[in-house]
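Naming follows writing order (A, B, C and D), and every chain is counted from residue 1.
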Amino acid sequence: MDYQSIIENIYQEVLQNENQGAVASYIPELAKVNPDQFGVCLQTLDNAEYGIGDWQTKFSIQSISKVLSLSLAYKLVGGELWERVGVEPSGNAFNSLVQLETDNGIPRNPLINAGAMVICDFLISHTQDAKAEFLNFIRKICANSQIDYSESIANSEKSVGYLNIALCNFLKSFGNIKNDPEEVLEFYFHMCSIEMTCQELTRTFMFLANDEFRTPEGEKVLGIKQAIRINAIMQNCGFYDESGDFSFRVGLPGKSGVGGGILALHPNKYCIAVWSPKLNAKGNSSRGMQFLELFTNRTSSSIF
Amino acid sequence: MDYQSIIENIYQEVLQNENQGAVASYIPELAKVNPDQFGVCLQTLDNAEYGIGDWQTKFSIQSISKVLSLSLAYKLVGGELWERVGVEPSGNAFNSLVQLETDNGIPRNPLINAGAMVICDFLISHTQDAKAEFLNFIRKICANSQIDYSESIANSEKSVGYLNIALCNFLKSFGNIKNDPEEVLEFYFHMCSIEMTCQELTRTFMFLANDEFRTPEGEKVLGIKQAIRINAIMQNCGFYDESGDFSFRVGLPGKSGVGGGILALHPNKYCIAVWSPKLNAKGNSSRGMQFLELFTNRTSSSIF
Amino acid sequence: MDYQSIIENIYQEVLQNENQGAVASYIPELAKVNPDQFGVCLQTLDNAEYGIGDWQTKFSIQSISKVLSLSLAYKLVGGELWERVGVEPSGNAFNSLVQLETDNGIPRNPLINAGAMVICDFLISHTQDAKAEFLNFIRKICANSQIDYSESIANSEKSVGYLNIALCNFLKSFGNIKNDPEEVLEFYFHMCSIEMTCQELTRTFMFLANDEFRTPEGEKVLGIKQAIRINAIMQNCGFYDESGDFSFRVGLPGKSGVGGGILALHPNKYCIAVWSPKLNAKGNSSRGMQFLELFTNRTSSSIF
Amino acid sequence: MDYQSIIENIYQEVLQNENQGAVASYIPELAKVNPDQFGVCLQTLDNAEYGIGDWQTKFSIQSISKVLSLSLAYKLVGGELWERVGVEPSGNAFNSLVQLETDNGIPRNPLINAGAMVICDFLISHTQDAKAEFLNFIRKICANSQIDYSESIANSEKSVGYLNIALCNFLKSFGNIKNDPEEVLEFYFHMCSIEMTCQELTRTFMFLANDEFRTPEGEKVLGIKQAIRINAIMQNCGFYDESGDFSFRVGLPGKSGVGGGILALHPNKYCIAVWSPKLNAKGNSSRGMQFLELFTNRTSSSIF
């Protein structure tokens, strides 16, 4: 399949539509991004790489990072995770406190904010220095020592992070945060501030698409069964209140972030990252959604 | 792959565990079933069929039937369906009225009771005789003119169906039922009363697993894109409040019914039906869940 | 105090404001009423009666009737009522199903629709002919054999009563309706269809304001403790989601109906009925609310 | 009426029942209190004072203090308060976040935690030093310069106050807290830590029972209309999820605290304070509820 011309055609097609939606504005630093940037990177199982547009520009991957912290925690902690966080879609906005109240402080899944905080809490308990070890984990998978947190994004999010402070303290009130909420939030805001390019994103996520994936040091990131399960969670919970619609229209496991990035993958076929900052009403990249729907249609590569 | 010995081994293994859970008792007629029955049927894309246990015994397929009514409605009505019913997982018990109140009478998806009622309402509006045409649709796909409603099950469910009467009238109060609620409920209770064997179930559902499927008359049931979308909906919404867990542990699109049946499929590989009447706390067949988890693990055939 | 001139002054004052709000339109028959009618009747403990405007015109008292069915049930059944219905304000719209789901089918109080249906169910169980005995109960208190149900209103409400049908069947699904839901609804729709004038309303409700009240036959309607408790329930639950505001601005126990009537009373002082069909956003008579706020302010007769 | 012997008789009667319930344990410092303490003080409009048991022992008045902060804010700010906090009963537990989510950050009333935090925020905005001015306000009304905060209680509550931290930050995320959440919480925890005896409580609250009340300096605390409205709010919202039941059984405006205190009053008749630390399931003093129910029954002094 001529992937390069396929992604170029779709890219041009999407570009011709009006660039709808709005850049996430609740984090001051994110609001400064140029809304017309648009990049795509596709990497197949044979390590062929296809890129177009701003595919080598760094952006804030935000919630996409939650899949990586989940992967590290699953590696370090194992199935014990599921005693404190569920694997069910939320059926609610990503930061709803209602569900926590109904479910006695057990977040529905690890990809909504509350669940990702519980995962951060696990990482703090199971590492010497969660911030350093998490960064190191990503750098090794991506084979790229330049990946880093953005202090300005982390601080910007912290300065207006009242809802997240509320969530974390609410979890603590149920006993489902074991460390100091401030320490958990400090790590959480950094975890979400990771910056990558589309190219770096696809490289980083190949361990979930390729059963044979190993780091340059020859290390396996996760066992196959664990990777399968993380893909299953992405499928059901990766797009907040639009997870069903993403399955319905695109048909791939994936995860979006409010920075406008979307990472999706077809097990044993490819990893694809799309980035465009303007978000639709559900908080997912408008152009990203359009691109991916056209892509799985043209390539007949929905998993269903 | 030696499917026959694989399903026999898993069958024996599951049999050795205690038969946990409870038969659905809220419908008097369902409560009469022998709880120790247990059957499995697997059909692959090359039409090879493998069966074990009570795989040729009829049982009440209940909610599994909702996928069939959805398929017929999608065929007859097209994308207009999605104006009156969503494609998002519910995050709630299958018969919750809360969500309808929050969402102004738009059910989250067509596989929860409220959504299936809206689909019934569509079918009544788009057919001369919904009951007859729906049955005919199934008989043609399954190539089996013996498939039928169970009047005793339909009547039994109606006699205690207060919650469903409430749901249907609640939908009507939002204007999302166009016909008389009593007529919709009459069809709905019949739709859920269809009886099949595991063998008949796998035969019936092959049109969602096999892109080339045609009825004996040579008719295509759904276009590929439509079939993909119904599989995506099953993946996200097929197991009520346990949909995420089914994805996580089994990794296939599927649908369960309170009669103890589960139908699952791997696109372009196979269809599998398991039946055992005792249900777990979430309302899905206990043995069915165990069997399928072992099956996709042994055959490495999760879609993820 | 010169009550006649007080109510005349306030009446003129309210008349000069725009007649805001909208007549209840969800019941076809109610929508036909002339929206500019406006009547007030005040009756004091010494049986002095003061009226102005359309105070002798019949209107549909609707939910005000729930206080009367509650009174009869309390008389016949006693404290056992409170095992199946609460005495707490609802904090929700008058017909919310959410709360029933959370509270396992126990309505928050007897003045919301669900609670009034449970009371109707009690009356059916404790009488030979609930409809006849309830009407007889009111006629005796009011000393007026002309009080009657409106068959056209009852039928009109039934024809569009999907939400009430949903509520009643939902209660039945929790086991909190003992009789046939259709029978309960038949009585419920009639119970709400009673027609009275403002004058008849104040006469009817004097048994809750006057400890010494007796029917012409010399019968006591309720014991003092029971009457006190019904007043307490009206205070907390009489105005749906505006109960707190009514306490705050008017400061009397009372009950409103979607027909535009409001009945309020000051224990040991007076009963007052106001009627004007246009409702505010919370479903209470706009002019009624204005009138009563001015009235308790001018007469310094809030109970607080 | 011989109030002294009435309260003595009821006191003995209540003492003979088992001392049921449990001392509030979520605040470590509160859990240390001797659970068998029990005091009552009644003050009538003619300034006669009747006391029994531990009526002159200090205890933590906790949420009762919210009526005082509301009173000061109403005095300083006026009706503008009601733009940011409602006057409706909550129909939910006192610290529920669900309702805030539904109501976009507007607390249902000023006597639940969230509402009291908004009031604290108002006080910070309208004073130089909210902590000092609030204390001074109480000391002047009570004519007692010994009234004080308990630093140990305030710190104890702060050390485990995750739920309140969550609430305050959640309010801030809706923009309904104008100052720094930490500053608001600091004041809030102090405001709730005030200690008084039953005697001091009744003296302090006479300004809500007596229209003619003035401080020793001759100052009026609130206008009559304002006092009436605060009484109305206490009636509807003073006992969390048991407000309706308190109206139903006792029939007085009042307010409880988790320290085991209850303050209630009959406008133009009396103020009464009861204190016993063991709480019932709804978080209100068990013996306090019993005592007050017997008291209004014996003295026929329900307001209804």
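By our rule, contacts are C-beta pairs under 8 Å (C-beta built on N, C-alpha and C of every residue); 3 or more make two chains touch, one makes a residue touch a chain.
The structure displayed is predicted, hence computed values, not measured ones.
K.L.:
Would you pick out the chains that touch chain A and also touch chain B?
P.N.:
Looking at chain B and chain A together, no chain touches each of them.
K.L.:
Taking touch as defined above, what minimum step count separates chain B and chain D?
P.N.:
Tracing touching chains, the least step count from chain B to chain D comes to 2.
K.L.:
Under the over-half criterion for shared residue numbers, do copies chain A and chain D use the same patch or different patches to meet?
P.N.:
On the two sides of the chain D and chain A interface, the residue numbers are mostly the same, over half being shared.
K.L.:
I'd like the Å distance between the centres of chain A and chain D, where a centre is the mean of that chain's Cα atoms.
P.N.:
From the centre of chain A to the centre of chain D is 47 Å.
K.L.:
Measuring from the mean C-alpha position of chain A to the mean C-alpha position of chain C, what distance in angstrom results?
P.N.:
Spacing between the chain centres: roughly 55 Å.
K.L.:
Based only on mean CA positions, could you tell me how far chain C sits from chain D in angstrom?
P.N.:
About 32 Å separates the centre of chain C from that of chain D.
K.L.:
Residues of chain D that touch two or more other chains: which are they?
P.N.:
Within chain D, no residue contacts more than one other chain.
K.L.:
If every chain is a node and each touching pair gets an edge, what shape is that graph: line, ring, star, complete or other?
P.N.:
Topology of the interface graph: a ring, with each chain touching two neighbours.
K.L.:
Which residues, counting only chain D, touch chain A once they are in their complex?
P.N.:
For this pair, the touching residues of chain D are 96-98, 101, 162-163, 165-170, 172-173, 181.
K.L.:
Help me check something: in the complex, which residues belonging to chain C touch chain D?
P.N.:
It is residues 86-92, 99, 108-109, 224-225, 227-229, 231-233, 235-237, 241-245, 247-248, 251, 253, 267, 297, 300, 302-304 of chain C that touch chain D.
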